[in-house]
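These are the structures, in structure tokens.
Paired with subunit B in one complex and with subunit C in the other, subunit A is shared by the two complexes that follow.
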Partner chain A sequence: MPDGSVTISQLDLELRRIRKRYGSFTAVDDVSLQVGKGQFVCLLGPSGCGKTTTLRCIAGLEEPDDGDILIGGKEVTGDPPWKRDIAMMFQDFALFPHMTVAKQVGFGLEMLGKPKAEIAKRVAEVLKAFEITSLAERKPASLSGGQKQRVALARAMITEPRILLLDEPIGALDYSLRETVMLELKMLQQRSGISFIWVTHDQNEAFSLGDLVVVMNHAKIEQQGTPEEILARPRTPFVAGFVQGNNVFHGEAGTAAGGVLRVACPVGEFLVPLADLPAPAPGAAVSFSVRAERIADRPDPTLPNRVTARCTAVEFFGAVRRHILELADGEVLKYDQFGALAPRILPGQTVDLGWRAEDSVLHDAVLQG
Partner chain B sequence: MPDGTLLQARPAARRKAQRFGHKFRSRLTGWVLGTVTLLFLLYQWLPIFTLGLLSFSGPTGGTTFPMNGVSLHWYRELWDASIMNDFKPPLGRSFVLALACSATTVVLSVMAAQAVRGRFRGNGLFFYLLLLGIMAPGILVGFGFALLMRLLGVDPAWDSTAFVLHVTYTLPFGFLTMLAVFNRFDSRLEEAALTLGASRWTTFRRVTLPIVLPGVIGAGLFGFSLSYDEYPRSLFTTGADLTLPLAVMAQLDRQLTPELYAIGTATTVFSFVAIGIFTFAFWAMRQSLRGRQP
Partner chain C sequence: MSTIRANSPAAYWLAAPAALWMLAAVVVPTLLLVWVSFWGGRAFSTASPLTFDNYLRFFSNQAYLGLVAATFGQALLLMAITGTLGYCIAYFMTMKVSNARWRTALFLAFIIPFWTSTLIRAIAWVPFLGVNGVINQALIGLGLTTKPVEAFLYSMTGVTMAQVSLYTMLAAGPVVYMLTSIQPALREAAMTLKATPFTVWRRITFPLTLPGVVIGQVLVFLNVMSDFATVATIGGNKHALLGNLVLNFYEGSQIRFAAVVAVLLMVCMLAGVALALRVVDIRKLGT
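And then the complex of A and B:
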């Protein structure tokens, strides 16, 4: 949720209910967003969810059919890209093939009409800062992926725009390179104080980089919040299912007592805290989720939420053993086991599992449309 | 950037794919295809070669085989004889006309291709209407155009009516060239320039144009060469001052000597030299695109 304490004058970017349609297809639907000064925002979602279109609307490469865009408190909805205080980095970097590295890094300053000597000086500084001085006279065709990425970043940041828009900026890099680059970019963002709007479909990127993560699906924002909030309290079954490690249960609301709701599911009855949500009417369709690492095997008999499941596969993630299990109704359950000494569960084995009431997270029925 | 970060997989994968394609062609198909191609090229070029050969025949030689000796007689004749004086004005006109067509084709075809690239209502119809210039038979178009001009009271001339008609013919070729070039053009380069503060015009001048320049030159070459030897569309629309193809045809009607062959050969050599220069220019541009290596 946008932080209510942020005042308008501090906002680098504000989207007010923007909407974009292509014929009968709605690409962005009623998207509102507030980005404070120097924030790192990740737009996260599956392909086709509208995150890139939202980014392009901010850049001015698309014009929204409805709604307002404010950059630094100034209305820019109808302005062309070159009049906005932004820069953009493209997935495949979009380097100009006919310009040397030095020339394209200086392009933005040239467009601002800066004197030649000043441009040359500033380009030299920036090339040095990005450790690409030795590439100054090269052209993009002779650069490696990592080098191109640096050139693209240097080119975008040299004018110190208010906002840097990044469209899957490390998607074109080798997998082994991504983690290093992510860390560098995060530090660069913090040093520069420029707001980053980073579009990605990779939740690892979003959760490790973003101050604010905005999860989108079907042209709408499903949930926005800090990575911790989204991991701990997914508000919709989509977010819960999209974020790794969640088990989503669908069922029927029963009675609520003491802030805890009974939910009847095909595989049993579960206790789910209402938290800040109003109690749904008995019989209403509800859903909740529980994280794979919050589940315990051989559960204590006092645990209220219990299931029996058959293990179908085990995956190893370093210290974690992730078990894929099948519930009585055929649904999949994920269970993460930690600890080297924990008794192993083998594929084919049937086990009892359980979790505490407070480890279940009820989803917001209003958002489930 | 440390060396471990190089992305090297892609060119290697491409080379592999090329080798893979090779595998499917057996030795026999290779030979058959090669022979057919060679025969086709011979068929295409032998007439010009024959013409060139006959232009070197001796002073008593005619316009058919045998050659009756070998000499530069007809070229010398061309150099100082009166026939060249008959051809000089048409040559000049054709050259100017071809240059004008070339320039017009370049400007209009880039604009038309940009327009179609941006999609607008009726861009499909626009596409086919432009291509009609290639499809429609030249002699009919020329005749119809001449009738229309007479109706409007416009006198036909090489630098007005013929020019317009030539452009209707050369423009579609340039347009198709530019469409093909823009098809491979990555429009995100333009978007990158726009987000870096360049206006649309600056983006076109600094990013789009330099990248599609080879296509632009190609469109210009089409404009020049198609107009330079255009006959059917010129026939009824040129008026009294003839262009080179018309003058050559008139000369053919009067008297056929190896001098005409000499003109043809000289023109062909001139074209080859022009093509050679452009090829070299392209090569040099491609080299400079790769950039200086450390």
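And then the complex of A and C:
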């Protein structure tokens, strides 16, 4: 997509500067998004960030106050949901309690006015594909969470919409089921060629599923990009803080030389590459982040970025040993060590830590608002 | 702490006071009424022989049979009118009034008349419906008619108008309850599956509110069948339904006939409720 070869007609969805207010509360502010054919997009953010409202605007359940929505290149901003080429999966699945599984799965086809025989045939196929044939005559109240999720998905996908909107689709499932279901959904999305817009507050979901991850906060898009881009180069302190494993530093811009900026922080001075950003004016407030696994303990004296910190806790995540440390100004620093079986730092110890200049990621000052 | 099991002695003891009360206040009087309705002979005494004479005489009288038909007719008419009106009001209050304060205010406006007794509410209609009543004054004032309409008071039209106002909330209340218990996401899901608003109502909302509709209809049916106050005050002496007949027989000291009509009324009402329960399983409400 970034190479510009995508023309408008190839987009499944385009949002142009949409805005939605409820009274004095702005739920969605100036959100623009392009979704190519068959893309898997995750809208990621904390609750109340506007991701669900954005999804509801795409579905037509809310009408934006401003901006345009295009589905398959066609302007649909004022269209009601039943005129849009979408389907939606709701957080609690929203199964119709009075209808059997077979009836609910066929509901979309029935609404399209398909002949009875064709509906019966398609429903049988879809139930088989989703391995829920045995549930055909059951009503939702007698289904387990995982079964409901399959029924809801079958019901949404039977009409083969251009876009499937999913609002925290696995949030209501048992934790043990989620991993399997995620994998199945990813494979289903790739086979079907339907674009998925998946709303979640869980970054593991977003990063393992999305072709494109859109991080939202306070009604705005903070950053969008591939999972790798967002992990490697968070553009704002919010994104850096929201994504696990980042340490965020705030400081004052110093001089820039050779594409490297000096940043003065309460705990010391650090070298941070400018990368593609313009050099901020000296004295401007800036922030940067460094990933916990990029830090080294007992650093080489030549490393330019160095801090002294006191270890307060050590946590284990399988192969990772995460150290929680306290800096001189009271801020928390996380340091991850991989494959270290023997402890190198114990709680209570004070250690020197350091990282290379290129491991620091400068945040986009313009976005900090 | 343990909970009380449904079949334990404790559960039975807990149910005993209410059961005794029901026995004394409902079951025994009802049985007495049924007994009295079979008394033969002339004397009002427990020694009376038991016969079907009272029932035979009742059913051989065309006027009385006409009254049974009229009572059913009135109940069906009221069920149709209050059912439609009540559903519309319920739908409006739950779906269209999004402001919680307004909803409470409207709801209070609808239920405040129910704080008074049926009799008072029925009598309160008289100044509205009379020849010089509020409605006629308004019609004349608006120039819609020059002569007051006499059909309002002392007519079945007036009775129906009053009963509609008295019983519409009975039809609306259970529907309000059912409507508010439907998750908005269900209607939204139907819309994203290409259902238009009317189809959403027909296929999703209405089936899910049907139990409320049926309960409301049962309440209206029972109230209209047993309503004598409205008919007596607004229908004047010209009109009567089964309830008024009970009163007439009672005032005429024809206790055995009063009992016959009362038993018939009870049978009709039981039949109506039994029919409604075949449509909706009340035990499944609220699940």
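Convention: the second predicted complex is superposed on the first by the 362 of 369 C-alpha atoms of A that agree within 3 Å, B and C clash if a C-alpha of one lies under 4 Å from a C-alpha of the other, contacts with A are read in each partner's own complex, and residues count from 1 in each chain.
Convention: a residue touches a chain if its C-beta (ideal position, glycine included) is under 8 Å from a C-beta of that chain, and two chains touch if they have at least 3 such contacts.
Values in this document were obtained by computation on a predicted structure and should not be read as measured data.
Participant: Record, for the superposition on subunit A, whether partners subunit B and subunit C clash or fit.
Facilitator: Clash.
Participant: So, A:A253: does it touch subunit B (first), subunit C (second), both, or neither?
Facilitator: neither
Participant: I'd like to know which partner A:F96 touches here: subunit B for first, subunit C for second, both or neither.
Facilitator: After superposition on chain A, A:F96 lies in contact with both partners, subunit B and subunit C.
Participant: Which holds for A:V105: it touches subunit B only (first), subunit C only (second), both, or neither?
Facilitator: neither
Participant: Looking at A:T159 after the superposition, I want to know if it touches subunit B, subunit C, both of them or none. Which is it: first, second, both, neither?
Facilitator: It touches subunit B and subunit C both.
Participant: If we overlay the two complexes on their shared chain A, which of subunit B and subunit C does A:L185 touch? Say first, second, both or neither.
Facilitator: So A:L185 meets neither subunit B nor subunit C here.
Participant: Could you say whether A:P81 touches subunit B, subunit C, both of them, or neither, answering first, second, both or neither?
Facilitator: Touch status of A:P81: both partners.
Participant: Report the partner of subunit A that touches more of its residues: subunit B or subunit C.
Facilitator: Answer, by number of touched residues of subunit A: B.
Participant: Regarding the shared-chain residue A:A219, is it in contact with subunit B (first), subunit C (second), both, or neither?
Facilitator: In the superposition, A:A219 touches no partner, neither subunit B nor subunit C.
Participant: Would you check which partner chain A:L61 touches, where first means subunit B only, second means subunit C only, and both and neither mean what they say?
Facilitator: Both: A:L61 reaches subunit B and subunit C.
Participant: So which positions on subunit A get touched by both subunit B and subunit C?
Facilitator: In subunit A, positions 59-61, 80-82, 84, 86-88, 90, 92, 94-98, 107-108, 111-112, 141, 155-156, 159, 165 sit in both the subunit B and subunit C interfaces.
Participant: Which residues of subunit A touch subunit C in the complex?
Facilitator: Touching subunit C: residues 59-61, 80-82, 84, 86-88, 90-92, 94-98, 107-108, 111-112, 141, 155-156, 159, 165 of subunit A.
Participant: Provide the residue numbers of subunit C that touch subunit A in the complex, in ascending order.
Facilitator: Touch list, subunit C to subunit A: 183, 185-186, 188-196, 199, 203-204, 207-208, 287.
Participant: Okay, in this complex, where on subunit A does subunit B touch?
Facilitator: For subunit A paired with subunit B, touching residues are 59-61, 80-82, 84, 86-88, 90, 92, 94-98, 100, 107-108, 111-112, 131-132, 134, 137-142, 144-147, 150, 155-156, 159, 165, 173-174, 177.
Participant: Which stretch or stretches of subunit B touch subunit A in the complex?
Facilitator: Contact set of subunit B toward subunit A: 1, 5-8, 186, 188-189, 191-200, 202, 206-207, 210-211, 288-294.
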